[in-house]
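Following this line, the structures themselves.
After this come two complexes, each holding chain A, first together with chain B and then together with chain C.
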Partner chain A sequence: MTIWQRINQLAIGIVMLLLGVLLFLYDADTYPVIIVLYSLALQLTGYRLLWYYFTMARHMVGGRSILFRGALFLDFGLFTGSLLTVPQFYVLIYLTGTLAFSAIVDLLRAREARGIQASWKLKTFQGAVKLLTVLICLIYLHSEALVVDIFSVGFVFSALMRIVNACRRTRVITIS
Partner chain B sequence: MQEDFHYYATYCAAILAGYDHAESLLICHAAQLVDHCSRTWLKTVGGPSDAATTQLQLELMEARTDRPGLIDITRIWSSFHFLPRDLYAEIARGTRNYKDRYRLICGPNGKLLADTVNLARDRSPVAAGIAMHVLADTWAHTYFAGTPSLVINNTNSHFYELFPTEDGGFERKHISFSHNPTAADDPEKRLYVGSVYQSSEYSIMNLGHGRAGHLPDYSYIRYVYLPAWGGYREIVKDNPSDYLHAFSQMVYALRFLRGEEAEFSTDTYATATIAPHRETIREIIAKRRVDASADWKAFGERLSGETIPAFDREKDCEEYRHADPGSKKDTFLGQFFDAALRQKSMVTTRILESGNRLGGLPPRKRRMSS
Partner chain C sequence: MDFPVYQPDNSERAISLRRHRDALAISGAAVIAFSIWDMIKVFIELFLGEETLSSMVATVIEAIDVTDPEDMKYVPLIAWVTTVTILLLACAAIFFYHFIIGISAYRAGRQTAGKKNRLYLVLTVLILAVSLFFYTPNILHFFPRDEETDQIGLATLLVELTSIANYLFLLYSAYRIHQLEREALS
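For the complex of A and B:
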């Protein structure tokens, strides 16, 4: 990771941390902000990937996965934006679902990383904690306020992990 | 390529081309120094930072990948390790950004190779050494570009080593990659270390042959894979053949630099000169191990009857540090820095002239912005 990528990751981590704290302190009032930011982030990623595919990766071996990822991110982004008008209970279910999805991705990535002798322990830990957060959210789904608090703790955890990752030393394979 | 080829094999090539032991040592020392002359090292020596011919792992990790940073990386790696084969390569597909990257793909026998060898003509053996590093790498690093680019340098898991069979064909065996930088390559298990997939176009992990690990650096291996730019067509990389060509072309180029050939033509080799040693060279190249230094060293010592000292990066530093400002240019390192700057300037100019923006701003725009 270059110094600029570290700064980028740190900035995202700090914004997530602040949002997590705001969600914990102000509960429901923070919903629209989170939904809008989440939707924007997903849409921007989608547009960026699609732009990259059509301008650069169209002829690349394996480039089609970038197209699919771009379409998926854009789709999720638009869907998330549409949740502004639905009852908060459903928003919570949706956010819990995305957290579960993220946990599964982390665990699968950790499994893949272990197979190729790359760093996997931190990713496994991250996936396991996210999964635990999802389970607790599901158990207390009837208590909306409690779920918001649990979710905000999970959000803060994700932010901290991002900051830790940005500060970790990474190694590259040198070529000569 | 590694020390075995850039240092010991280059020494052998210089001896076969007619250089004496001392000159051959200068040539191979300069050729190997190209892999060590980073900005960090230049600071300790007191050399010009622009003369950097490589970037250390730490430097790469901290390197900026904005436009000026990418230009700096491209100038270093394209000039010394991934000399572009054809800066005007015709390609019907892709945007201008894509074509800029595609045209930096390294390969042997390009026009830039002739320019590189001609640039070293009538100069010191040190300049010849740098040219030999660049020449040898055009064979090893074929199909990769000296700029961070996912769409050019990425590879997938489709890697198969080719083993000759009795019926004249080849048997395929899958090659696996580990992404643990502390692990060692294991040729017996066909397990090699490569960089992790990074989806960012400009990630340092996508520079050169990082994704294919050190496979291009090993002379014994033949393999097929799918380069990102290849339109799903398998590419066969026959390192034993390529390394033999590289060695033979080095001998020919060094003969030209000594004045024994009237001109340097691409795709020409010193086949007759190496003929008596062809089997020995083939054996060294084909032997299955990650470092062939010992065999090349023994071969070189048989050729010259002299002992080849181990490469020592610090050997000439004191001489450069203590030289008067006016006589620094006459020291080994002074000559090395001068030749490196000339090479980098020549390649950068050619890239700029071709209209490729990865080498920097075109001269007209530079004047306007200054």
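For the complex of A and C:
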């Protein structure tokens, strides 16, 4: 990771930590904040990609995919922003889905790291805890108040892991 | 030791051909991606948006008047099943149409097509004409900016314009490839 990536990860981790604590304290009132932040992040990605396309990627081989990706991200961001009126329970299901997805990604990356004798224990632990959180959420799906609390604990955990990973020293492998 | 080194043909024409083939493959993949995103959006809007599927079905149920109250039990069920079936079939048909264009363009661009296929170009021209027919009023309506025009409209417009541009890119790339290949033969 470069220094900018570290700072980026650290910032995302801190925002997620704050959101998790807010979610635990104020339950459902935090949903609009989460949706607005998510939509803003997607829109910024979209604008950045479009800017990149029109200033540089236009001249690259295969650069046109940047334009399509930018348009889709922007649309997804604006569309997410328009979903403020949806039943809040769906938002929770959606967020749980993203947590499950990131758990699976973590587990797969840990498996890959194990294959090349890199450090894999922390990643496996992270993925397993996230998956466990999702499972407990699914078990208690009938009571919304409980699910929000369990989910916020999982959210805070994943924020903490992100901060830990950003601060961890990584070995740099140079290929000569 | 002699390694068999790949010696690419870097003439002007070969470079241009590679570029346009790559562009064609990307345009094909983008056609499929846009189609999938449109489907997802339609379903999210119908189930979570303002004008939901349930309200549409409710108007349909109201329009049908059944005299016998005994039959009234089955009307909602039948209305729901019919609406959802029609919706799914329409979505599947539209997706299949885009999928044919996308996969053919992708294969033509990556040169993995079994035999030469020109059908997808005809399909692209057709869908381009249809999109222009349906979207031009939207675009014309949008540009003298009213206060009512919102961000969602802008995003939809952006995606529409991008997909129209995508069809044009696809046709242009296919045309240039055709031209360059014919030049190479002669």
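The definition used in the following text is that the second predicted complex is superposed on the first by the 128 of 176 C-alpha atoms of A that agree within 3 Å, B and C clash if a C-alpha of one lies under 4 Å from a C-alpha of the other, contacts with A are read in each partner's own complex, and residues count from 1 in each chain.
One rule holds for everything that comes next: a residue touches a chain if its C-beta (ideal position, glycine included) is under 8 Å from a C-beta of that chain, and two chains touch if they have at least 3 such contacts.
Only a predicted model underlies this, so the values are computations on that prediction, with no experimental measurement involved.
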>> Once chain A of both complexes is superposed, is A:Thr55 in touch with chain B (first), chain C (second), both, or neither?
In response: first
> Thinking of the overlay built on chain A, is A:Ala113 touched by chain B (first), by chain C (second), by both, or by neither?
Replying inline: first
>> Applying the document's definition of touching, compare chain B and chain C: which contacts more of chain A?
In response: B
> Between chain B (first) and chain C (second), which does A:Leu67 come into contact with in this model arrangement: first, second, both, or neither?
Replying inline: second
> Where does A:Leu78 make contact in the superposed view: on chain B (first), on chain C (second), on both, or on neither?
Replying inline: second
>> Contact-wise, after the overlay, does A:Tyr90 reach chain B, chain C, both or neither (first, second, both, neither)?
In response: second
>> Under the stated touch criterion, which partner chain does A:Ala145 make contact with: chain B (first), chain C (second), both, or neither?
In response: neither
> What residues on chain A does chain C touch that chain B touches too?
Replying inline: 61-62
> What part of chain A is in contact with chain B in the complex they form?
Replying inline: 1-5, 52, 55-63, 66, 113, 116-118, 170-176
> In their complex, what parts of chain B are in touch with chain A?
Replying inline: 1-2, 35, 54, 56-57, 60-66, 81, 93-95, 97-98, 150-151, 154-156, 176-183, 193-196, 199-201, 204-205, 207-210, 213-214, 217, 226-232
>> Taking the touch rule as given, give the residues of chain A at its contact with chain C in the complex, in rising order.
In response: 61-62, 64-65, 67-68, 71-72, 74-79, 81-83, 85-87, 90
> Okay, in this complex, where on chain C does chain A touch?
Replying inline: 18-19, 22-23, 26-27, 29-30, 33-34, 37, 41, 44, 48, 50, 151-152, 154-156, 158-159, 162, 166, 169
